[in-house]
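What follows is a pair of complexes built around chain A, which joins chain B in one and chain C in the other.
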Partner chain A sequence: MKEDLQKFVNGSLLRGSEQVDSNESLLERGVIDSVGLMQLIEFIEDRTGLRIPDQLLVPENFRSVDAMDEMIQNLRNP
Partner chain B sequence: MSFLLWQSVRTAAEANPDRLAVTDGSSPLTYAELEEASSAVCAYLLAAGLEPGDRVGIVAPKSSRCVASLLGVLKAGGCYVPVDPRAPAARVQFILRNADVRFVVSEDRLFTALDLSSSLGHPSERILLLDDGVGDQGTGWSDLSSFGAASPASRREFDPTYIVYASGSTGEPKGVVISHRNALTFVDWARTTFHISNEDRLSNHAPFHFDLSVLDLYGALTAGASVHLVPDSSAPFPSTLAQWIDETGISVWYSVPSALIRLLKKGDLGRFEFEQLRCILFAGEVFPVKHLRPVMEAFPHASFHNLYEPTEANVCTFYSVPRPIPPEMESLPIGRSCANIETFALSEDGGKCDEGEVGELLVRGPCVMQGYWGLPERTQQSIMQNPLHDDYLDPVYRTGDRVSVLPDGGYSFLGRTDHMVKVRGYRVELGEIEVALNAHAGVREAAVVALPDDEVGATLHAAVVPAEDSKLDSESIKKHCLNRLLRYAVPETVTFISELPRTSTGKIDRVTLGKSMSSDL
Partner chain C sequence: MADVVIVGGGPAGSTLGCYLSAAGVDNLILEQANHPRPHVGESMVTATTRIFNDIGFIPQMEREGFPHKYGASWHPINGARQFDIAFREFPQEGVNQDYTYHVDRSRFDHLLLRHAEDRGSKVVQGVSVRDVLMDDDGTACGVTAEIDGKSIDFDAKIVVDASGRHTLLGRKFGLKVNDPHFNQFAVHAWYEDVDRGEGESQDYIHIYFLPFKRGWAWQIPITDTVTSIGVVAEKEVFRTSKGDLEAYMDNLVESNPSLARRMAPATRVNELKQEGNYSYSMSRFSGPGYVLLGDAARFVDPIFSSGVSVAMHSAKFASGPIIEALRTGDVGEGAFDSYDEQLKKGVQNWYEFIKLYYRCLPIFTRFIQDPEHRLDLLRLLQGDVYDADGVPVLHAMREAIEVIENTEGHLLQSTLESVG
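Showing the complex of A and B:
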């Protein structure tokens, strides 16, 4: 999943040939505005079949690919 | 007397020197500090050679320093041009070149990432970087004190204060020039109408390149109130934002409806009372009544006001929402004219519409922009002599919005006379997206339709006819658009078809296309 997520961020959210590492801050890159966040939620929910509860929609959980992956792991193994 | 925007701020500052003026969370400025910082920016700009009327590009995330810089530009007699720092580099460069900016205010990392040095070719003394320690590509914030003090430049009320760029149907954004008089007409009206005082705490949700921010910044700063900038990094997160509104004790909130709908749906609002929040203003798009009702319940202490805001005439009509909304009300009126402004609807035969009739909304008064920057012909299409008389010079702005006249003299918004749509409150010209799509080598032709969506205003869908022998996939088309357009203007879906439907006159048949696209979803 983490690889898919990274591919999605690099391929569909970042412009041109920009790339991020999995621990790099997406917030500082300006990737996550309201449209970017919505696309990420849709992607994660589609791929995993999970539903991300509203209270988990906080900057800490979306600040990097690693952080999103950790959130997904925690949702899978509560 | 105040007839320049910065003069009104100075008057408020003199009466409230120790009160909080602006904060971005990490660096709060009192009114005295804001005055001092903006005067330092003014002294720097004058020392670096700013001439009256020079444009200054603002390419930075929002911050207290950025607000001080806006005021500094005005004190120096300049005109600022706020640009979305998240836009594609080519778009940022286009706007800065189009406005012929002589100076740029930015941040070290952004200035490099957007390649503004080589693309603009300005000498480094004309670059102000808001960071502390910067290299040699510009003047750093901490160097400002060395420029001493300078007297603000003398300007007239008709001189430009800022230029905001909006989507243009030709594929290039166009700059709306707003004068001191335009801005103050709106700011003074808002401060009086919503009783903004030095006890108030205003939020600033909209980015500075979106003119909703003008009310937040100057509504607060001309009243001695404080303006609290929502950081770009927490604005998209509804639950974080809801907590911030409550903890900060925001008393006046202004945003697009879709931001309030997101707060309602995903913000877990039941946790908070929002006792301080007394006034909620919204503009930029239609607020569906079915969403507004529960939003009003979630903010029980606030009055709600619908502001109608074509950028070219600031806010020119408004409607105060009754609480509760009467059960029979299905759509929200845009209301009646603001102070010192006249509006009327013009029918297709050129007469003034009476109650119940439908026409294009026209606006006259001190709110009407100076024009589109560098586009005299485009300006003439939008601003014309009042068609109801020819006694004297009386310019009116054609909004391009179709309205019906209500019994109370107010208006109900019905739609556009052209192909502009609103997505999340932002103006999007379908033509601009089509220009971007047609720039792809593998595209023979393309059209974009907007389908109504009651949470974000509209969703965008592209129909693409591939060129012969080209193999396209929707992801690569979207990426191509993302490289040229703002994120909200990138089509959500891309459908490949063999031919675009045409009307009998050979134009793209958007009605048929829209129907077939909506049935495919």
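Showing the complex of A and C:
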């Protein structure tokens, strides 16, 4: 999942501009605006079949690909 | 003298005429225009089918060949994908069709008025009602109208205002309260060769989010080749048009890539028209000797195609208390309170929904994809808003918005719009 997510971020969200590593901050790159966030949520929910509760839509969980992956692990193993 | 005089022969007035005639109540419809006449508001919700069944109007709808509306589709601003709903996912009690209709309102309203006449209403067109007559104790008892330059009084036991946005009685009695949040303008026209999309969704209504304050656009099929396109936004956005409707329309169409793509091959086939959509409500929907229906009672942002449904439901709800009042002879204060209550509950639900929708658009798109909320949302979108047990999805939307408001740093906080 983490690899897919990394590909999605670099492919669909960053679209050819400078790529990020999994621990790099997406917040600073400005890709987590409401449109980017909705695309990420949709991607994660479609791929995993999980529902991300509204409470979790905070910077800590979307700051980087690593952070999103950790959130997904936590949702899978509550 | 008629038992009931109905001011206005649009969907509200004609529907009431049908219900009253079925109960043997003598009624007169006074219509200002000579139908057919143009009107905005071309798409419907499935809840209306129950009323069509009640008044025996389905055969006419089918014979006329109005496009069947099987669902709705939303297009966010980024143009990435569309969100569809199909009405068949949630069959409604008492509704035996999994579709509703899109209509050319000039034909639809005309047919419905003729239907009312066939069912027993007396109909006079080309009559401008100027005023309401009051008896000594302040009960409405008829109207004054102008026909061919002559003023004529029509006495009645009950006066029904179905005058639409003219709001005859609301203005006369000072009942009109303008909405503090919504003051939108619509610009619309018919086009040929709009790319309506693929498969079944070609005949859906398509709603496009626009990056302007309370901005959205509609795409509604009118015939096989003609499509109605309209753009809606707050007055402050509309003002920037400086009267150039064409440039304004083009600008808003271009602002959503999906809409721009659909409109690229299109040619306009009639005049661009503008409508002030100022939302309002009357402080009461009835009083001594009078009842207000449809747009004459309340008007809200038309984003969910609720107008005709509210008009026809208000007629249905009013018919019972009107028939009862004529039976007992008491048309005074309080006689139509049950009608007030029933209609208020329904339109309030629509209004709440519209406010929550604008407050946070991402919540709407999240809910529509969420199996837990999708069917409840669908039920609401189909117009089932009058149930006594309320509309649970509104509560859930409210809670979701509270989470966004109250969670520090929540990533959707920037999307919150101030609405109410």
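As a convention for this text, the second predicted complex is superposed on the first by the 76 of 78 C-alpha atoms of A that agree within 3 Å, B and C clash if a C-alpha of one lies under 4 Å from a C-alpha of the other, contacts with A are read in each partner's own complex, and residues count from 1 in each chain.
We take it that a residue touches a chain if its C-beta (ideal position, glycine included) is under 8 Å from a C-beta of that chain, and two chains touch if they have at least 3 such contacts.
Keep in mind that what you see is a predicted model, and the values were worked out from it rather than measured.
K.L.:
A:42 contacts which: chain B (first), chain C (second), both, neither?
P.N.:
Once the two structures are laid over each other on A, A:42 reaches chain C alone.
K.L.:
Just to be sure I read the superposition right, which of the two partners does A:30 touch: chain B = first, chain C = second, or both, or neither?
P.N.:
Only chain B; A:30 stays clear of chain C.
K.L.:
After lining up the shared chain so the two structures overlap, which partner does A:54 touch, if you call chain B first and chain C second: first, second, both or neither?
P.N.:
A:54: touches chain B and chain C.
K.L.:
Share the list of chain A residues that count as touching for chain B in one structure and for chain C in the other.
P.N.:
32-35, 37, 54-55, 57-59, 62
K.L.:
Once bound in the complex, which stretches of chain A touch chain C?
P.N.:
Result: residues 32-35, 37-39, 41-42, 45, 51, 54-55, 57-59, 62 of chain A touch chain C.
K.L.:
Okay, in this complex, where on chain A does chain B touch?
P.N.:
Residues in contact with chain B: 11-12, 15-16, 27-28, 30, 32-37, 54-55, 57-59, 62.
K.L.:
Using the touch definition from the top, list the residues of chain C that touch chain A in their complex.
P.N.:
76-78, 80, 362, 365-366, 369-370, 372, 400, 403-404, 407-412, 414-415
K.L.:
Which of the residues in chain B end up touching chain A in this complex?
P.N.:
85-86, 88, 232-240, 258-259, 262, 266-268, 424, 475, 478-479, 482-483, 487-488
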